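Next come two complexes built around subunit A: one with subunit B, the other with subunit C.
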Partner chain A sequence: MIEGVLMLVGSVLILVGSLFDLLAALGLLRLPDLYTRIHALTMGTIGGAVLPLIGVALVAAGWVELGSYRWYLAGAAIVTAILILMLAPAGSHAIARAAYRARSPSPSYVVIDELAKKVRGGGR
Partner chain B sequence: MELRDLAVSIVMLSIPIYVLAFLLYVVRIVKGPTVADMVIAVDALGYDLAVFLTILAVLFRVPFLVAVAMVLALWIYALDIYVAKYLEAKEVGA
Partner chain C sequence: MMRYVVVFLLSLATYLVFVGSVTLYDIVTGIAVSSVAATVFGRILVRNPRKLEVRRFVELVRYLATFIATEIRAHLELAKIVLSPNVSKSIRPGIVRVRYDLESDYGVTLLANSITNTPGTLVVDLDEEERALYVHWINVRTLEPEEIRDIVSRSFEEHARKIFD
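And now, the complex of A and B:
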């Protein structure tokens, strides 16, 4: 009984994560600018990768026919989820910082850009 | 027993949504006007490919695919850091 409930909760998490993923893909396709696209990207990585990995861990922990390999599957899925939770914000932040410093004009909707004086005025 | 079949069918239902998201990411990779746009689309595609590999490992009962997913997540982070380095040194175009 408890295995069935675990598998049901995990599969619902996987379904919600796939919906997050579809929304992130639509946002990455439709949003106008790099910085707003990074917003959609982080929604897709945390909601669309970490959440379904935890769901996969629950499904694997509840699947009795897998034998003792199910604990290997569940543990590796949890470790991958924690790795993505740590690495994805750091990577997207590095990309945003490098793109800001490499691109000379500001985006058109920016009213006040205080960072531009610091980056382009007085060097690093 | 019925709960297990229901869970497996819900996981099966999520697979076409993942494939559709992959296709939209590939459209952004091909279209992307700058290098940074392509790199963030490759990021999202790689993380979701790792998730898809773990889902396939559970569905096909092949536990060895999960190690591939973990290595893939680490490589995507390495791609981020290298591209950020060369973007900031202005060696590739913005």
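And now, the complex of A and C:
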């Protein structure tokens, strides 16, 4: 009984995750510049990677036929999800910061840019 | 001493969850690896062992609840933007300055990571002297500094202060 519930919830999470992945890919194509595209990328890592990994963990935990290997699968998926949660923002942050400092794609459609004063005013 | 014990237990727990079994072999290798990790990294990871209190770990769980709620809201908001017929009309991107009031490096890291992990806000730069984050925000709703702080970082910041400061 509990196995069935775990597998159902896990499958739903994987389905929702794939939906977010699709939306993130659409966002990467449709959004105008690098910074707004990084937002879509974030949706692809949290909703499209962490969420389905938790789903995988639940499905594995509910899959009795796998025997003792199911705990191995579930544990690896959970640890990977937590690691992505901690490491992915460091990557997005580094890309955004480097792009801003290099001014290679300067942000378009910007309403306000409070960092410009500091970066240009400081003469760096 | 306490710092080594806590780092040891955390790495042992991570190891056992990752391996997913508790046979004698796993426990012995886990203890061996975690004791090495604890002796090498204990001093670097935990600067002030007096901060290792149970209530901070409880606060971490409460932070997770806030984080999940914020994530769901932000995901739906960004999904709406992506699916809108005219994307560049439905966004108002901008880089805003958000001040923070946190002492520890861990707290600032948690705050910056939470903001970046939320679709719609992205930390571009960090100024430790001014204690300010420069956040790229996909939909700038207000230019009032305190209101920006309320929307972008207030809840994360309070949790980060209770966990790490």
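In the analysis below, the second predicted complex is superposed on the first by the 116 of 124 C-alpha atoms of A that agree within 3 Å, B and C clash if a C-alpha of one lies under 4 Å from a C-alpha of the other, contacts with A are read in each partner's own complex, and residues count from 1 in each chain.
Rule of thumb we're sticking to: contacts are C-beta pairs under 8 Å (C-beta built on N, C-alpha and C of every residue); 3 or more make two chains touch, one makes a residue touch a chain.
These numbers come from a predicted model, not from an experiment.
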Combined model on subunit A: subunit C and subunit B, fit or clash: fit
Subunit B versus subunit C as contact partner of A:14, first or second or both or neither: first
First (subunit B), second (subunit C), both or neither touched by A:39: second
Touching partner for A:59 - first (subunit B), second (subunit C), both, neither: first
Which of subunit B and subunit C A:94 touches, first, second, both or neither: first
Touching partner for A:79 - first (subunit B), second (subunit C), both, neither: both
Partner chain in contact with A:26 - subunit B first, subunit C second, else both or neither: both
Which superposed partner A:112 touches (first subunit B, second subunit C, both, neither): second
Subunit C versus subunit B - closest C-alpha approach in the superposed model, Å: 9
Residues of subunit A at both interfaces, subunit B in one complex, subunit C in the other: 24, 26, 38, 45, 69, 72-73, 76, 79, 88, 90, 92, 97
Subunit C to subunit A touching residues, read off their complex: 14, 16-21, 71, 75, 78-79, 81-83, 87-88, 91-97, 112-113, 116-125, 127, 134, 136, 138, 140, 143
Residue numbers on subunit A that touch subunit C, as the complex places them: 20, 23-24, 26-27, 30-33, 35-36, 38-40, 42-43, 45-47, 68-76, 78-79, 85-86, 88-90, 92-93, 96-97, 100, 107, 109-116, 118-119
Contact footprint of subunit A on subunit B as seen in their complex: 1-4, 6-8, 10-11, 13-14, 17-18, 20-22, 24-25, 27-28, 34, 36-37, 39-41, 43-44, 47-48, 50-51, 54-55, 57-58, 61, 63, 66-67, 69-70, 73-74, 76-77, 80-81, 83-85, 87-88, 90, 94
Sites on subunit A touched by subunit B in the complex: 1, 3-5, 7-8, 10-12, 14-15, 17-19, 21-22, 24-26, 28-29, 34, 37-38, 41, 44-45, 48-49, 52-53, 56, 59-60, 62-63, 65-66, 69, 72-73, 76-77, 79-80, 83-84, 87-88, 90-92, 94-95, 97-99, 101-104
